[in-house]
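Next come two complexes, and both contain subunit A; in the first it sits with subunit B, in the second with subunit C.
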Partner chain A sequence: MITAIGVDIGSLTTKAVVLDDKKIVSWAVLRSSEKTEFSARTAIEQSLQKIGLDFKIGLNIVATGLGSKTVTFSRSKSLTACLARGSNSLFPQARMAIDMGAESSTVIRINERGRVTDWQSQDKCAAGTGIFLEQMAKLIGVSMSEMDELSFQAKSPPEITNTCAVFAESEVISHIHRVPATSKEDIVAGIYRSILGRIISMCKRAGIQREVMATGGVALNKGIISVLSKELGFEILVPENPQLAAALGAAIIARETAGEKA
Partner chain B sequence: MIVAGIDIGSRSAKAVILKDKEIVSSVIRDTGAESIKTGYQAIDTALRAAGLSLSDLKYTIATGYGRVLVPFANENISEITCHARGVNWYFPSVRTILDIGGQDCKAINCDGSGAVTNFVMNDKCAGGTGRFLEMIADVLNVPLSEIGELALTSQTATSFNTVCAVFAKSDAIRYFRQGVKKSDILAGLNDAIAARCLSLLKRVTIEKDFAITGGIAKNSGMVYKLTEKVGMTPLLSPDPQLIGAIGAALFANDRIECNKAVLSPKVNYGYSDGTGVYYISIDANKCDACNACVNVCPEALFAISSENGKDAAVIKPEMRKKISQMCPGSGNCRKNIDKNCQSVCKNNAISHSW
Partner chain C sequence: MTTNNKLSSIVQSCRVIRKMSQPGPYQKSDELYYQNLSTYYTRLLKARENGGFIAAHTVFFPAEILYAMDIVPMHTEMTTWLMALFLGEQAELLSAGAEVGLAAEICSPHRGLAGAFTRGYLPHPDVMLWSNLICDNTAKSGELVMKLCNCPGFFLDHPFQHNNEEVSYLVNELKSMVRFLEEKSGHKMNWDKLSEIVARTNQQLALTNEINELRKLVPSPFAAQGFLKLLLADYLFPGQPEAIAYLQQLRDELKDIVREKNLNPSLEKHRLMTLFIPPIYMTSYLDRLYLKYGAVSVVEPMFTKWTKAEFNPSQALKSVAEKSYVIPESHVMYGPLNENVIKYVVDSARDYQVQGAVFWAFLGCRHACATIKIFKDALNEAGIPMLAVDCDIVDPTVNPEEEIGEKLERFFELLDEL
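After this line comes the complex of A and B, so read on.
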């Protein structure tokens, strides 16, 4: 029997996770639409459909993410809290989670009970976020997964000095048209390093604590994770579905707080 | 006395020719990828409009991002200094200047003589720069010159809660799809950029009078929002985009008027014709008349002469009218023979326009 549902409304995708007493029984990820409530509801409906159930009012749902307070059929919890709980249930040994989303990046420190002890977040600027990566992939003319493969073949990545995504774009263009041109592989690795530079500085501000895990859609990128491990000097834990971490945390919070008023 | 100021910005290059402290001609063009060539083309267009040639210029000062890449300039000065000077020429009462350029934004305090007393600059982020507006104009498919007027027609500005150009772009696209009017989107963005500029201004002192320079000052929608936010009506010169180049030209004028002795005669030989711009510049101050260029040039263009006040290399007078046919160009020289006039000159006194 399902006990709780968590839904995480991101700027690019909306994620839903359905729990029974012990484990995840179903989940769904879909592109966010302009209407928050509609996105949340569709994601939940899809995940319920997979196990042959229908959406109905009165389900035990916690929503988190952008505009989660406006969703009428659920309670709302903060993203950092959900992320911490989700991360803790995926990797109980993790003391730090790096969440790399489409339009924001968050770094949290988690205690052994899965509560946030410190966090750093930035959603003001596209530098160091997934949208930056997507834009760069488009610019170089490769898909995100091709870009990921390219990054492993880099020899001497250039340093992308501009932080701003707009200026970095011109910088990458100048690398493409340079004589001799910087290879695609090197450019990609340079872009990865530039994004991670921003994220690592956030980690340092929060205080790096092992073990470190990565969540969010950007963590699906194996190249990013490999560069991140190299820069930090140790292995990073990555769950099977890193983008679900916050939704899972929301579901866990829903299960624990069942019966509470919104 | 004819002097020039040239401002090679990140997005556009500006040149101004001053004759006895009067502007005789000016030019604005895109910087493009080759800023050396752009510099020559800009100054050449301005000179031609005034019926002059490069050798008529007594002194040239370059400013802006590309200022070190202007081979015919005698000197270069930072654009902040030049903006303050240029604004002071038009409006001596101005104490606060906001310069919004193609890829940066600066808030400058200056005193009554046009000297900079304080400044802050943002060139790290595209939010609050001309590049931001360029992107949005592109997304909304409105010519850059019309976005200002269009924004002024807005009734209710859409609010943008981001200053990041990338996020604002996706927000703008979303609003546009939802059927929000272009004018409202533009007004909202102008509001966001103005807020960003205000926070920059607050880091210097906001004192009377206030002036806006740079290309964005031509955008009436932005000027309106800035007036609203800053609470002061900005003074605008006839062409705010030229201010940096005007300031540079004024400094060039000063150099000649006040300090004749240190005048470094950088002499430009050549001309431009339909096929291109052909100038060989020799900086007589750097030249020590070592004869190396005279000996190496396969076409024997050079000679040592004291016609510019001291012994230095010059182009032989009979060659000056046919440089493009005689000189194989430093690039070609490099390919065919291992030495050329530029490579043998140990003081870097010689430069070519091609």
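After this line comes the complex of A and C, so read on.
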């Protein structure tokens, strides 16, 4: 029997997780539409359909992410709280989670109960986000998975600014067109380091605490995780579906707070 | 071009707000607050027709001297703040400031002020007075105002160190400024009046400290963001009867609240320390948000928490010099940040039993922002979480209200869960 549903509305994708009293029984990820409520509802419907159930009003749902407060059929909880709870459930030993999403990055420190003790976020510039990564892949003319493979073959990655996505793009263009051109492998690794430079600085501001785990769609990228581990000097924990961490946390909070009013 | 029309709008707004004041624990002090604002800007508005001499001055400037010389003061930063608060025309003022060469990274109250003078929203002063207390923006912006308003000016060089030699140096600087003002305005310094002002400054300080002691109580009897009004007393009316009347009224109201146990402890869920100043244009929004989450700012070591001091009215000029070292802003933000200041902030958090601190990271104030990590680490070590919110005091285009609101909500949630 399902007990709770969590939905995380991101700028690029919306994620839903369905729980029974012990574990995840279904989940779905779909592209977000401009209508928040529609995205949330569709993601939940898809995840329920996978287990032969229908959406109905009155389900125990917590929503998080963009516009989650406007969703009429759920309660709302902050992204940081959901990420912390979800991360704690996936890796109880994690004391820091680095969430790399499509349009923002957040670093949270978590206590042993899965509560946030501090966080840093950057949401002012695309530098350091998944959208930036996609944009750079298009610019270089490779897919995201090809980009990932290229990063492992880099020899001498160039320094690329992490203060502004637009400036970073023009730097990448100049690397492509210079004579001799910087290799794609090195450019990709330079881009990864640029993204991570910003994220690592947030980690340092929050105070790095091991173990550290990575969440969000960007954490699916093995090259990024590899560079992040090298830069931090230790292994990073990555769950099987890192993009689901916040939705999972939302579902856990829904289960814990069942019966509370929206 | 000088039209003064924006000053009359500020005066009008204050009158309307005062008339609309609702019954409540702070009704009388609120009325006095708006009456004082109205008095200040009416005097400025009518200065020309009354044959007054206007001196524009930057923040933390010893306006006691101006009052003693019967010169009409115009607090530059406060005036820009108030225009942001009451008139909501920041975009136009800031873009006018940009037209005279002040880039977006420069302190927005100074940008807005330059814009206000360029647009003729403020009367051009007869003189411009400025100092290096407390930052490079204040140290440099006076020259631009002189140029824009085609008026003479005086730069008051304030020493960093607090010792007898430096105080003597500052007293000499003040003497030079008095001579400058006497020459330009034709007004003579009234030393008896300055002594009276110093005597009232002692009273003002005692009242402020009394109010702060009342704010230590749990729950605090003061409004969630009432401290913003506290600032006005010294910024606009240092050592003036208006400041005393306001502070006395507020002190009495707080005492009444405590005596009558007129506070529900459950309404105060989060006792906060405020570091730096929240966006002025968001005052109403933040009031509602703080009320919703039971958040109350109980101490502001950078702005309202004065150290104890007693000034000697018979040595009036020296007292004015000494006072500049004990104002909270200069005590915490001026000169090198030493261990004593960090300890002072952490001790304040403990004394006022705060559960969390909010640092308003005003992007235009680089020297304050540079202290964020230091204060955060020190407070965290004492078990007090601190939120730093990137913002601008007067420019709403830097962060939408909702973005700041969401960060605060997350922080209140964090405090709830700890």
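Rule of thumb we're sticking to: the second predicted complex is superposed on the first by the 261 of 262 C-alpha atoms of A that agree within 3 Å, B and C clash if a C-alpha of one lies under 4 Å from a C-alpha of the other, contacts with A are read in each partner's own complex, and residues count from 1 in each chain.
Here is the rule we use: a residue touches a chain if its C-beta (ideal position, glycine included) is under 8 Å from a C-beta of that chain, and two chains touch if they have at least 3 such contacts.
Note that the structure is predicted; figures quoted are calculated from it, not measured.
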item: Overlay on subunit A: subunit C relative to subunit B, clash or fit; value: clash
item: First, second, both or neither for A:91, with subunit B first and subunit C second; value: neither
item: Contacts of A:205 with subunit B and subunit C, given as first, second, both or neither; value: second
item: First (subunit B), second (subunit C), both or neither touched by A:103; value: first
item: Contacts of A:116 with subunit B and subunit C, given as first, second, both or neither; value: second
item: Subunit B versus subunit C as contact partner of A:78, first or second or both or neither; value: second
item: Superposition clash, subunit C versus subunit B, among 111-119, 183-191, 273-281 or 327-335; value: 111-119
item: Doubly contacted subunit A residues - partners subunit C and subunit B; value: 124
item: Subunit C to subunit A touching residues, read off their complex; value: 373, 377, 380, 385, 390, 403, 406, 409-410, 413-414, 417-418
item: Touching residues (chain side subunit B, partner subunit A) in the complex; value: 33, 103, 124-127, 131-132, 135, 162-167, 170, 174, 178
item: Residues of subunit A that touch subunit C when the two form their complex; value: 77-81, 115-119, 123-124, 205, 207
item: Subunit B-touching residues of subunit A, taken from the complex the two chains share; value: 34, 103, 124-126, 131-132, 135, 162-167, 177
